[in-house]
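Okay, handing you the structure first.
For clarity, chains are labelled A, B, C, D, E and F in written order, and residue numbers in each chain start from 1.
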Amino acid sequence: MSEHRCVCPGSFDPVTNGHVDVVRRATALFDEVIVAVLVNSAKAGLFTLAERVEMLVASVGGLPGVRVEAVTGGLLVDYCRQAGAVAVVKGLRSGTDFAYELPMALMNRHLSGVETVFLPGDPRFEHVSSSLVKEVVGHGGDVSGLVPDTVLTRLLDRLR
Amino acid sequence: MSEHRCVCPGSFDPVTNGHVDVVRRATALFDEVIVAVLVNSAKAGLFTLAERVEMLVASVGGLPGVRVEAVTGGLLVDYCRQAGAVAVVKGLRSGTDFAYELPMALMNRHLSGVETVFLPGDPRFEHVSSSLVKEVVGHGGDVSGLVPDTVLTRLLDRLR
Amino acid sequence: MSEHRCVCPGSFDPVTNGHVDVVRRATALFDEVIVAVLVNSAKAGLFTLAERVEMLVASVGGLPGVRVEAVTGGLLVDYCRQAGAVAVVKGLRSGTDFAYELPMALMNRHLSGVETVFLPGDPRFEHVSSSLVKEVVGHGGDVSGLVPDTVLTRLLDRLR
Amino acid sequence: MSEHRCVCPGSFDPVTNGHVDVVRRATALFDEVIVAVLVNSAKAGLFTLAERVEMLVASVGGLPGVRVEAVTGGLLVDYCRQAGAVAVVKGLRSGTDFAYELPMALMNRHLSGVETVFLPGDPRFEHVSSSLVKEVVGHGGDVSGLVPDTVLTRLLDRLR
Amino acid sequence: MSEHRCVCPGSFDPVTNGHVDVVRRATALFDEVIVAVLVNSAKAGLFTLAERVEMLVASVGGLPGVRVEAVTGGLLVDYCRQAGAVAVVKGLRSGTDFAYELPMALMNRHLSGVETVFLPGDPRFEHVSSSLVKEVVGHGGDVSGLVPDTVLTRLLDRLR
Amino acid sequence: MSEHRCVCPGSFDPVTNGHVDVVRRATALFDEVIVAVLVNSAKAGLFTLAERVEMLVASVGGLPGVRVEAVTGGLLVDYCRQAGAVAVVKGLRSGTDFAYELPMALMNRHLSGVETVFLPGDPRFEHVSSSLVKEVVGHGGDVSGLVPDTVLTRLLDRLR
C-alpha cells in the first residue's frame, strides 16, 4: 500500500463552491490533494495569482490532506510527476465538457502516464462557473451560496 | 493515510482488452481494485456467471491488488459499502456515454455517498465492447488483440 | 389575449418528483396543463393505466389549472389538437436527451403545427427517472424524496 | 387566467430568419413576446444597437403581441421581472447548444425564478446564425432567404 | 484513376425519403453505389427482405450507378471487400448519432480497412426514420412526402 | 465514370499527423485530393502561409493524387467549384465536433451543392490538434510522433 496523491488544476479566478465540492470529494479518494493554480498567460484574470491562492487557502486549506500551490510554468504533467501525483482530478458537468477535456486528458497520459479522472459535478452547482459568477456579480446579481464567503466579499469589492 | 478501495463493475460478458486496460489503470490509483461481475436478471448472457469470473481471473487476477467477485443481488452501492470501497470506477468513451452513466452515478452517490470516477477509455479500444465483439465473432470476424486469449478461444467455441 | 393550454405527456410508470416539478413549473407558463398518460402498447408497465392516473391525480391534481387524462389511442398531436393545446412540454436533462427528443418534436410539428417546448430539468432530480427508481426499489434501495409519498407506498407494495 | 409574457433575448447582430421563426412561433405560445436586444460590452458588433433594433422592428415588429426593446444594463432576469415576463425563450439547434445554454438557464432560475424554455430550431435554418451569415457575405456569398430583406441590404452595404 | 465504389447499408424497413436523399447524394461522390439491405436476425421486420428490396429498387434503382443488394450473412465489411467497395456511407443527424456509429466505423476499419464516411443528413428529413414513420402511420398519421409513394401505399396496406 | 476530386481544408498551423492521416485516407476515396490552406484573417498564426504550405508539401505532397494549395480569399465553396471538387473532407473526433461542423457543412451545401463528408478521426490521434501541439511544445513537452519530423524541427525552432 503506497500513498496516492492527486492534483486538482484550474485557474480558480475565483474559486467557486463547485470547485470546493470537487476538492472535498477528492479527499475521500486520495491520500493527498494538491490544488494547483495555473497561470493562463494568454489572458489576464480578475484576481492576481496570489489572491487566487489566498481565497483557495481560506476555502479548502483546512480540508484533510489538501494543500494549495501556484504552478507558474512548464507542463501540468511535469508538475504532477515532480509532486508524485498519479492523477489529475476534474469535475465534469456534461458530455460536451467531456469532449472538451478528452484531448487534454489523452495528451497528458501520452506525455507522462499521469491519469485524468473525472468526477461528475454535483448538480447543485451545475450553473456555477468562475466566469458566470463574475458576469452575474458584474451585472448586480447575488451569488451568495455559490462561492465561499471570502470570495463573495472580494467579488463585490472588485466588481461593484 | 488510509486504504482506498474501488469497484470496477460490469457484466463482463465477456471481458475485453478495454476492460483489462481500465482495471490495470485503476490499480495505479487505488490500493485495491475489486472487479464486480453483475448479473443482469433481465437478459441471459452468452457466458454463465462462473465462466465470466473465470475469464476475468485469468485476465486481471494477476494484477497487483485486484480481486474478482460475483455480485448476485442487491444494489451495487450496498456491495460497495460492505466491501469498504469509496468509489466505483468506469471507463468512458464519449460524451454520450457520460450522459448515459450520469444518472446512475448521481443515484449511487445519493443512496450511499459512494463516488463514481470516470477514466477516459484508451482510444486503442474505442471500438471494443462485449456486444460488438460477440457480433463480429458471430459473423466470422477476427477479434484477436481485442480480447484476452482465453476469451478468444471461448468465443470461438461458443459462437462458431 | 387567448387561453394557452399545454400537454405534459409521458408513461408515468410511476410519476416521480422530477415529473411533478416539470408539471408545476408548466403551470407558471400556461393557463392550463393537461398531464397525458400514454399507453405503450409494446411493453407492459409496472402499474396499470388506472393506477398511474390515480398517482398523478394525488400528486399534481391539486395544482392550479392541471388535469390528468389517459390517452389510449391515436397520435399525441391529434389529442393535442382536440384538446386545444398549442404545445407539448417536456423536461430535458442533457444534450443526449435533446437528440433523442428532437425527431419526435419535429415530427409532431410537421404533422400538426403543435410545438414542443423543453424545460431544463431541475438538477436536484437529474438522477430521477421512473425506470431507475423502480430498479433501485427492486434491489432494496430507498427512494423517499424522489417520488411522491403515495408512489413510494405503492412501489414498496409492488416490488418487495 | 392571467397574461403570460416572454422575452426572446439575443444580440441580433443582425437578426436572421432563424430568429424571426423563433419569435413568430413564440407568439403562438405566449400572449406577449418582448424581443430584447442585449449589448455585449466585451465585443463591438457589426451594427449599432439602434440599427439592430430597427432591423428587428422591420422584421418582427408587425407580429401580434411582439415588441422590440434594447436592454442596456443589468441582468437579463432583472429586466424580465420588471417587464413581468415569466420565461425566456430560446431556439435550440443541437445537444451541444443545450449544454452551452443550460448553466445560464439554471443561473437565471436560481437568481429570479424566471424559466428558460427551449424551442427546437426549424431545421430549415439549422445553418443560419448571425456570425456565419456575416462571414458568408464578407466572402462574397449570397444569403438571400436566410435573413430578412432589410438585413440583406444592410449587410451588403456594410460588408462589400 | 480507378473506380470508386461505396456501400449504403441499412435495414430499410422501409426506405424513407431520408435514405433516398443520402443515396442520391452518394452518387455524386462515388462511381457506383450499392444499397445493401441487411437482415437483422434479432428482430422481425414489418416488411420481408424481398419487399424491402422491391421498394428500394422502385425508389433508387433508377439513379445513375446505383444497385440494390440483399446481404444475408457474414460481416458487412466482408461484403464490401467482395464487392470492391472502398467505403461505407452513412447519413448522420446528430452528435449522438455519431457516438453511436463511431465504434462500428472503427471496428469495420480495424477488420478490413474499409472506411466509413458520414454525410450530414438533410435537415428536411431530420425527423424521418423508418421506425418513427411506422409508428406515425400505425397511429393514423399522414407521412406523405416523407417516404416514396410506393412505400406509402404499402405502409397503409400493412398497418391500417 | 467521371473523376472525383475533394478538398481537405484547414489552417494547418502546423499540419499534424492527424491531418496527414485524414489526407492519406481521402486518397483511397477520391481520385484527387486538394489540401487547401485557409487564411484566418482574424488571428495571426504561428507560421506564415508559405511555411504552412511548405510543411504540407513535405508531409503529404508525395501521396498519390495530392496537391497543396493556398486559398487566400473568397468562400471555400467558390474555390471548390472552380477546382471542380465535389466534396469537402473533414476528420471528426466527437459528437461535439460534429455539432460544430454541421452548420458550416449545411451552409456550404446551401450555397453551392458541395458536400461535406466526415471521416472519423483515427483514435491514435484523438489528442492531436495544432493548438494543443503548440501549447505542449511551448511548455517544453515532446510531441515527436504526433507531427511530421519537419514540423517538429520548426516547432522547436520557433517556440523554444
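Simple rule for what comes next: contacts are C-beta pairs under 8 Å (C-beta built on N, C-alpha and C of every residue); 3 or more make two chains touch, one makes a residue touch a chain.
The structure displayed is predicted, hence computed values, not measured ones.
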Inset, instruction - List the interface residue numbers of chain E and of chain F, divide the shared ones by all numbers used, and answer same when the ratio is over half, different when under half. - result: same
Inset, instruction - Identify which chain pair among B-F, B-E or A-F reproduces the interface of D-E, meaning that over half of its contact pairs, matched by residue number, are the same. - result: B-F
Legend entry - Longest centre-to-centre distance from chain B, chain (CA-based): D
Inset, instruction - Return the chain whose centre of C-alpha atoms lies at maximal distance from the corresponding centre of chain E. - result: A
Inset, instruction - Write the angle of the rotation needed to overlay chain A on chain F, where the fit uses Cα atoms and the result is rounded to the nearest 5°. - result: 120
Legend entry - Rounded Å distance between chain A and chain C, as computed from the means of their C-alpha atoms: 38
Legend entry - Gap in Å, rounded to a whole number, between the CA centres of chain D and chain C: 30
Inset, instruction - Give me the residues of chain A that touch two or more other chains. - result: 94-97, 99, 102, 105-106, 123, 126-127
Legend entry - chain C - residues contacting chain A, complex: 94-96, 123-124, 126-127
Legend entry - Complex contacts: residues of chain C adjacent to chain E: 73-75, 77-78, 95-96, 99-100, 102-107, 110-111
Legend entry - Interface residues, chain B side, partner chain E - complex: 93-97, 126-129, 132, 136, 139-142, 146
Legend entry - Complex interface listing, chain E residues touching chain F: 1-4, 25, 28-31, 86-87, 92, 94-99, 102, 105-106, 115-120, 123
